[in-house]
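What follows is a pair of complexes built around chain A, which joins chain B in one and chain C in the other.
Coming up: the complex of A and B.
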């Protein structure tokens, strides 16, 4: 087998951060990311990847390039992050408060009016001094799923009926090992060593 | 449910059983073809997406076959895993090999649009159990349509290569698509009594929808389709190997109690 030739330039589509809202009036939460060629593709892909089972009522996608993130450590070594330029306007602020949850990385906590990304990050730092990381992005960068009943029905409602199933829900081929053991039908260690 | 199911005559029951089997067969075979992309799709996200769609289609087959069982049909697993190519009644459209990504997306678009329109009409069935199934499945199908319509558009309007592949896929698939609208024996009576949707009306809506998308929006050309088609009992050489792979495990373990 020959080694694959990796292209020198990045041919991946842009990465989009996906924010999922579990229920009305709950904050959107960053749940992961998708690669997609355009906003609508990003939303459809996000639905496929992140709304197969869990409850959701809305998805947002934001291109990686439009997002500014920082940890307290990064800010101590790279103060220029607070001067990151950007359009003046409304910015969403997200914070990562804990490492304990594996499926949620950042909770959106609200919006600020800022002169640019760096200014939004500065305000986020003031509002939430004791967190693990901050994330800011302009409102204009957000693409959203529609809120009409048709979209809610076809994008989000089916997943609600699909609960996670315990492993034992699924069938086994033949009879279950435990059942065979109880019936004395499982070969013992000695028997299998003899056979080998 | 509070509504009493419509009482079916024996003739109606047989025709409905056949229709449910035909619908399920298309879902099963297409789901298998889509499942062949697992681990091979162009990008990870689409690998997941297509596996999701395949699972949804299999779920719809499960709904149809469970309803068929209440009408005297066999156990759904028996129907899926123990019938050979001579007994499967899927369209040739869904059994053709998966081809390239354009072929898979164009086929899925032609299928999803027909299924979504049929299911939407079937939500108004006078036979309550069918109306319930349709109401459940049509939600997923409407999302499938958005997914595959988007892909067909991106491919058709993408690069010269993607456009060429998309047109080639449509040229090969289009003659097979009309088969989705072949009625089964006895279907006319079920339509007259409001149990099944009017297939001709669904066909007309479908032709309008896919022409607007494929021709007007995507700039593709619809080739000629043959006026008449062999029935669903006529298959290509591709069905037998598909079933052999799909049914291999089940047939190696005929004593399996649950799947």
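Coming up: the complex of A and C.
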């Protein structure tokens, strides 16, 4: 991972990248990170921070130190990333494909057998040459929520039942925006487009 | 003779014109800058400042509303308010994460907040006098925040933009529940109507001011605009906010405390003069609840020490067991 350019204090808990799966057969996606002392703490915090709304069946957490990310620009100036050492074995590969607005960074796209992190990154680059960022980490570094229905239910169902957290729950209050516009009470176009 | 500072030019000694040209071309093409990419030191500095302030605002923003959880008038309102306050905690977390991708540490940011060095939105230094304030905050304060955050969702820095997309989708709930509550009170008993009107009288101008100084008085806008961090000016965002909220507040039967408010020939609602002296006094902490907010934050930090200690002890124990 990119080295911080500011001095960091060593007393904070390690950072874990969080991967959320919205439904079975969907990829795990990188949603952000949490600080935690141990794997269970990381998973619980990840649920509190990233799954306050429906749509999750599985969470993975991976320690920041075990993750290697790179952008194409980074690789043009820092070839050494491809020599990053690591244990031989199965590595997960994540890629970022577009600059479109998104809530997530990379989608996990599969696994490779690699001799280390740098080798996994090299393979990711060959498999996905035209993406905007790559991420790799060893399977051994992943901590995950259990996949049995009971765990999925107890971890993720409570968020689903709280429909008052959804804006749809409130419907249209008062007159619809379109109506207010037609009545001349709101400008038809955004103010920022005026006079452009 | 004085030299222009990096804050004015965006160029820090040691950076080349080519690097800047390449960087600005990427932004012009609509690319997102990611953590490992080259970026001007000033871009990094401005982003850390903005994102950490934004994170602090989410965290401190829990306090004025959190005070009302125990006093909510119904179980439904209580669960809604708890979910909203919990969301704001989460928003702080998303944003601290985004700042960390730039090299800032959680501890330094927390320290800056607790020591009073870092700023947060001055809107949260206003007191909440009645239950209707909870609704009015949702409608106006979250409403204003959504306008700003929708703009920032399009900003050039990937991790900040993604945090904003996630936040905006949750803020819409905050806005709606507040609007629902106030519209109900505005159509309720004379007492309820008076409570809603009183809340509007006190929150209207602070909500207008929270979108920042007028463009002519906004010191950081130059490089922020050039680098695609701020895609609209403060006045543009404020205009969007007014255009949406004025008709809805009027429709609810409430009176907006601005005698000069009127619609121009384009349909835009134009506001009267804003009293910025109050805004700056609150920012400087001379007026409002700055001390109380930081005191409450510090107390929460201290009261949570035993939890952090316990978690640390557990972590240490697990490591020791693993090492055996």
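Basically, the second predicted complex is superposed on the first by the 152 of 196 C-alpha atoms of A that agree within 3 Å, B and C clash if a C-alpha of one lies under 4 Å from a C-alpha of the other, contacts with A are read in each partner's own complex, and residues count from 1 in each chain.
The rule we apply is simple: a residue touches a chain if its C-beta (ideal position, glycine included) is under 8 Å from a C-beta of that chain, and two chains touch if they have at least 3 such contacts.
Worth saying up front: this structure is predicted, and the values here are computed from it rather than measured.
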Checklist line | Partner with the higher number of touched chain A residues, chain C or chain B | finding: C
Notebook entry, point to check: So, A:41: does it touch chain B (first), chain C (second), both, or neither?
Noted result: both
Check: Who does A:74 touch here: chain B (first), chain C (second), both, or neither?
Finding: second
Next item on the list: In the overlay, answer first, second, both or neither for which of chain B and chain C A:133 touches.
Entry: second
Notebook entry, point to check: Should A:49 be classified as contacting the first partner (chain B), the second (chain C), both, or neither?
Noted result: both
Note to self: Just checking: does A:26 make contact with chain B only, chain C only, both, or neither of them? Give me first, second, both or neither.
What the structure shows: neither
Item checked: First (chain B), second (chain C), both or neither touched by A:182 -> neither
Next item on the list: Check whether A:157 is in contact with chain B, with chain C, with both or with neither, and answer first, second, both or neither.
Entry: first
Next item on the list: Go through chain A and flag every residue that touches chain B in one model and chain C in the other.
Entry: 13, 34-38, 41, 48-49, 52, 170, 173-175
Checklist line | Footprint of chain B on chain A - complex, ascending | finding: 13, 34-38, 40-41, 44-45, 47-49, 52, 150, 153-155, 157-158, 161, 170-175
Next item on the list: In the complex, go through chain B and note every residue touching chain A.
Entry: 43-46, 48-49, 52, 56, 136, 139-140, 142-143, 146-147, 150, 154, 249, 253, 255-259
Notebook entry, point to check: Across the complex, what residues on chain A touch chain C?
Noted result: 2, 4-6, 8-9, 11-13, 15, 31-38, 41, 48-50, 52-53, 69-71, 73-74, 77, 96, 99, 101-105, 132-133, 162, 164-167, 169-170, 173-175, 177, 180, 184-188, 190-192, 194
Notebook entry, point to check: Which chain C residues qualify as touching chain A in the complex?
Noted result: 30-32, 34-38, 44, 76, 79-80, 83, 86-87, 90, 93-94, 97-98, 100-101, 103-108, 153-154, 158-159, 161-163, 165-166, 169-170, 172-173, 175-177, 179-180, 183, 232, 236, 239-240, 243-244, 246-248, 250-252, 263, 266-268, 311-312, 314-315, 318
